[in-house]
Amino acid sequence: MLLKLEGVTKRFGGLVAVNSVDLEVEEGEKLGVVGPNGSGKTTLYNLISGVYMPDEGRIFFEGKEITNLPPYDRTKLGIARTFQIPRPFGSATVRENVAIGAMFGMANAGVDEALEMADDMLKLVGIYDLKDKEAKLLTPLEKKLMELARALAMKPKLLLLDELLAGMNPANINEILELLDRVKKEENIAVIAMVEHLMHAITKFAERVVVMHQGMKLIEGPTMEVLNDPKVIEVYLGEKLNVG
Amino acid sequence: MKSYSPLITLLLAYLIMIAIGQSIPGMWQPVMLVIFYIAIGQALNVFLGMTGYVNFGYVALLGVGAYGMGVALGYYNELGLIPTLILGFILAAILALLVSAIVGGIALRLRGAYFAIATIGVNEGIKYLIMGAKIWGGSEGIVLSGILRKSFGAETMRFLSTTFADAGVIVVAIATGVVTAYILNSRLGYALIALREDEEAAKVMGINVTKYKQIAFMISCVLAGLIGATAWTLKLTYVFPQDVFAINYTVEAIVIVMLGGAGTLLGPLVGGLIYALLKYYLAIAFPGLQLLILAPLLIVVILLFPEGVVGYIAKKARGTRLENFVR
Amino acid sequence: MKKLLVFVLVGMVLFFAGCAQQQPQQATTPAGPKEETLYFGAPISLSGKFAEEGKASLYGMQVAAKWINEHGGVKVGDTTYKIEIKYYDDESKKENVQSLIERLATVDKVKFILAPYSSGLTLAAAPIAEKYQVLLNSHGGASDYIFEQGYYYVVQTLSPASKYQTGFLDMVKKLDPNAKRVALVYEDGEFSRAVHQAAKEYAEELGFEIVYEKTYPAGATDLSPILNELKATNPDVIIGGGHFADGQLLAKQLAELNINVKAISILVAPTFPEFYEALGNKAEGICGPAQWEVGARYTPDVADELGVEWYGPTQDEFLAMYKELAGEDAVPPYQAAEAAAAVLSYAKAIEKAQSLDPAKVREAMNGLKFMCLYGLWQIDPETGKQVGHEMDIIQWQNGEKKIVWPEAAATADPCYPMPTWDEKASGATCGS
Amino acid sequence: MAFVEQLIANLLYGAILGAVYGLATMGLSLIFGVLRIVNVGHGAFIMIGAFTAYWMFTLYGISPVLSLPLAMAAGMIIGVAVYLVVVKRLVDAPELATLLAMFAIGIFIEEAAKQIWGANYVGYSWEIGSISLPFTEIPYTKLVAFISSILIAAAVYVWFRKTKLGKAVRAVVEDREGALTCGIDVNKIYALSFSLGIGLTVLSGVLVTLFTPVGINAYMGGEYTLKAFVIAVLGGLASPWGAFYAGFIFGLIENGSYTLLGLIPGVEPFGLTRFVSFVVLMLVLLLKPTGLLGGE
Amino acid sequence: MLTVRELESGYGEMQVLWGVNLDVREKSITTVLGPNGAGKSTTLKTIFGILKPWSGTVEYIGENVTNMPPHKKVELGITLVPEGRHLFPNMTVEDNLIMGAYLKRAEDRLEDSLDLVYTLFPRLKEREKQKAGTLSGGEQQMLAIARALMTSPNLILMDEPSQGLAPKLVKEVFETVLKLKEEGLTILLVEQNVFASLEISDYAYVLHEGKIAFGGSVDEVRESEEIKKAYLGV
């Protein structure tokens, strides 16, 4: 068991953003988390990556409790993430951005090593040409790729992708999915990807899907099974959206 | 980009300045003035430039550094010359560390302008503690030249307050530059850039932002303390609380960093040169009117180069061969 | 890049403006075979906290230089030197003072420097003056400790801090043997502390009882906590103050809190006309130590009587020349007179030494004793401290500053005890 | 008993002084709140107000109370001018750039004032009597300063809460983009707030002289700048009301702690009151980092 | 009604729009679709004037309004419902609405507008005295739209009104948009929710990498399978 959440709850004032969620992720697993905005997905990510501490419940990573561990210590254990709205270190170059990931992530590399790793990662995601550009000058798509490279450079065991694919066109999506597949196989990274709309992408990518609804886990199971579940269609997808 | 080549530019600039000071009569003190301003800019830059946090209490660190050296020379001079000086530097560093640990521990939890303004009372606070509680001579300060003359002889005293003090300022200034260059190329530097740009994201990238902020803050403060110990105590041979906690040095250091470009290695050098030389020559050309002229000039520079002169040049130089030498 | 170009251009223009200004002073005037210009250098606080004092002292120096030039200059051998003051603005800041002293000593080749205003800045100037072996004549740095540091090239023209408040105590003791209770309230700064520590010791020597002693920080805007406390101790005499602003405030709040005593002496502030302007007739009867005051009875005749030489303008000449420089209504404060005296002492000592070598001039100063409008000038050879000059005590009487002590210099009798605040509120003045 | 009387007297004076401090900080907080500009030149504007009161009184015998509206108007004009010439171009520049610009403006004003008015310390005497209390005397001028401060602060409060323009300023503070969509001319609101902030600051300069009618000088503002910043932080920085209350507290601490510190032998209690203010600031930041009354 | 030609703009040094052409007809709903980062929001912000256009023109009923600041545009009857709502969280619902009627022209119609808004959104009337920050997400979106209506607009630019709302609420929002059209307003909509927005729109544009890749009536867009595949990610 790589990651385990037990009854995790997070409240903001009166609002219960995440309500008693249990979740288990195996090493090297590909999991999709779906749900509309406001269903608690991002809060869940923030709880796993340590941006927030849960009000109730416990979180384990490789059997070790990390419930109240600060985010920078979690990365050292092997958790990495991207952001829904990319958060590059704007005035640093793309290469430096990715190197920062290598330096302070699980890879824990020295400066020279990190810069080399950064080059490799940039080649991997295909934006090596942009390495000397200031990160703030990238297009949103490029920023997302850079964030992916930065997260991969951390050499994580668990990679949390927050709406990585949103806004990409199908060709890009396929490329990224292949890339994730390759990385996952080579390095045995567990990937949790989170999506709002792109159902067909999730079907291609995830082996298992969790649907979030109003802060709670609505359902979880094998991807196709879950997405065709009438309950899911009713509360989340609505009648108009036809999946698959 | 791991590169120490901008350091060449920096060291070269120091060499040229020292050469000018030594060869042109009357230029030595102005050069020392410029170096003093560059140094306080550089030491501030380690923190302000790389984290974006403005430390308004900055002068307090110069002040406690000055006191560290002053206390050693004034109260422990029977140890002998060399041990007293060593003690002086150690005390300066320790006092600066102590103050920065306390102030940093409290104020670094605040962000942006809140941090800046929270630190604005630091120098006043320490000043009034020293004066009110009559610590180290209270408002009468420590006057050293007589003591030094008595303990070590007139020649040594003269040597200490001129050659040695000047050499000390230069060494500290260059050390500050080297430390800056080292930080820029180290994990610390990358961590600082990351947290300056986006603290939340930096945390998730594995950066213990509190730790790195505190480290940068303390490095900056210790360097400031050493500048105070050399440029003030040794060179002026006295420490008066009203003098060493004057807020205008903080503001001047900020001006220098901003003029040159925050977070760049050469920024404080260029900023210090512009600021100190402008002021010096304006004071000579238009005595009494120099600040009246300087103020609008500063505004013009800010309007033209919001990112500082070096920041501007570095941007323009990106991709050219100059790039390696401007940062 | 255009921005950069503009910037560099502006920078260069300014730089050359600076250089252009330098040129004339480097070319020494080859006016005549036996006439040359001799520069006295001065870092002066034209900006910053000592700007007011700085300006007055500059005028004083310029008046003295002008008088010397009009009266045959300074003669060394066959050469007659015209005196000119070479001054820069030190912004009341220590780093600037050091640079400027060096510039004066090296670029301008000045051998005789008039120290900056205040003890702190004088102390900052001393190591550099010592390094270049140029004379530093303090006309605004009163603190005694400057002259206890063992500097050889540093001499003092004004009376040291320890002498400021002693005359007042002498006066009170003479006028009223029953006045015993003395309260001290002063600014917590090195200068006023030096003044009042000396005053305290002296008071105890004279048999006064110190009933209260507290300081307030520089820049305080409300002294009521300290004054409420002081009022309860019921003193006969109050001594205090520090600089200008706080002295005004002290007097103002003594009035507001209706604290009546027989005599008050406040450091620095009462010597300025603005003191009376600000307080109106509340200033009546308030005393203060002054290095000099308009009306001081130092004349060539007095010098004759004492058997010392007179040098420099008479008071009337000085006042007239000061007005020419500073404006029609300008009345010189003591900062002007002491600065003038410093210039005169240089001229006198150079003539005595018959040399422009600072070491020789310093040597000559040891035996120098003369009187000018500022009073006697004589230094302690050991330390360079001023011993000849005496402080005056001034008192506001009927809207005018009068010298009331020492008796020899007095222009009026002391008004003692001073009127109460209530009496003043109903229009009473000293002498009415 | 003497101890208690002293304490009461000091607290009374502290409250009066605190009200003046509070008002002298409101402009700073307002400008920071709306424009996120740290006005390090704050004191220079207080100085202008002080000179306004001084000149009006000495030249024309105009009572400082009547100088209040005049100073406000003068301050607002200066504020608009500074805004149009400098600040407007820096609204979107980094925080530090504006800080630096304000520093330069402060210096410029001080130096210009020195050239125009000289570096003398001047003062004026507006004698309108005083109240005698058993343990101290309070001049009516100080009471006038106290009451004016409270009234002006209240007026500003009402203006912000009830008037359309005041609400527009709040709207801009709360959400600039939202304000744009309502048709609010954000630039105009910035200019207005800036000039209002400067106006209040200049006006507070008059009140400062009502409390301390002497020591008026081109460089007098520095003292108030420092205090204003400490008070602003205590009050939560962006909130003019917070600043006003914090000024009160600051005045009480500064004067009130004197009596207590006097019990410690061998120290200078007056100097230590300043240290106490600093410790209080640090404690507040430690316990409630957003300031005593900060909502953010 | 609104004609946009060769519009270019961006943030700082980064160009986002590379020549956008748009037409909005009176009393219609026009939708701009496109992937994230294509420049949809940037287009609206530039039209409204929050971002300065680098080049190109914006015409509104024949008048060139390219460089007109936002408040002048509000005066002409253009307003924006910004992405992320941008309410005044510490002001009451009522004050938020009153701020909407800030300009003279709108203030004169304050009562009428309030009536209209409260009829459209009875929930807001109930919460009149509540602070805007305490409303639920759906209510906040309603308030944002209501506040825009208070400016008495003719043309409303709407930026992702359904963002972050549960599917049921999304439906409600789109119904509201339709209602506004029935009230005679013109709407330029930016949406990620392709299906829902196509359903209510009359015209649609597809934005791709800062340029208009396709534009036309909703039916034309629907039919163009290729466009769907390439750009809409459907």
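Here the chain labels run A, B, C, D and E in written order, and each chain numbers its own residues starting at 1.
Keep this in mind: contacts are C-beta pairs under 8 Å (C-beta built on N, C-alpha and C of every residue); 3 or more make two chains touch, one makes a residue touch a chain.
Since we're looking at a predicted model, the values are computed, not measured.
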item	value
Chain of greatest Cα-centre distance to chain B	E
Chain whose mean Cα position lies farthest from chain A	C
Chain centre separation in whole Å, for chain D relative to chain A (CA means)	50
CA centroid of chain C to CA centroid of chain D, Å	35
Centre-of-Cα separation between chain E and chain C, whole angstrom	73
Of all residues in chain E, the ones touching two or more other chains	none
Per-residue multi-chain contacts in chain C, two or more chains	47, 51, 188, 215, 217
In chain B, residues with contacts to at least two other chains	128, 131-132, 138-139, 291
Chain-chain contacts as defined at top	A-B, A-E, B-C, B-D, C-D, D-E
Interfacial residue positions of chain B with respect to chain C in the complex	25-26, 28-30, 32-33, 36, 128, 131-132, 138-141, 143, 145-146, 149-150, 154, 157-158, 161-162, 231-232, 235-238, 240, 242-243, 274, 277-278, 280-285, 287-288, 290-291, 297, 300-301, 304-305, 309, 312-313, 316
Sites on chain D touched by chain E in the complex	164, 167-168, 170-171, 174-175, 177-187, 295
Parts of chain A lying in touch with chain B, wherever the complex brings them together	49-51, 70-73, 75-76, 81, 83, 87-93, 95-96, 99-101, 103-106, 110-112, 114-115, 132, 150, 154
Footprint of chain D on chain C - complex, ascending	47-49, 51-52, 55, 188, 214-217, 219-222, 224-226, 228-229, 232, 244-246, 248-249, 251-252, 256-258, 269, 272, 274, 277-280, 282, 425
Chain C-touching residues of chain D, taken from the complex the two chains share	2, 6, 9-10, 13, 17, 58, 111, 114, 118-125, 127, 130, 132, 135-137, 139, 142, 208, 211-215, 217-220, 222-223, 255, 258-259, 262, 268-271, 273-274
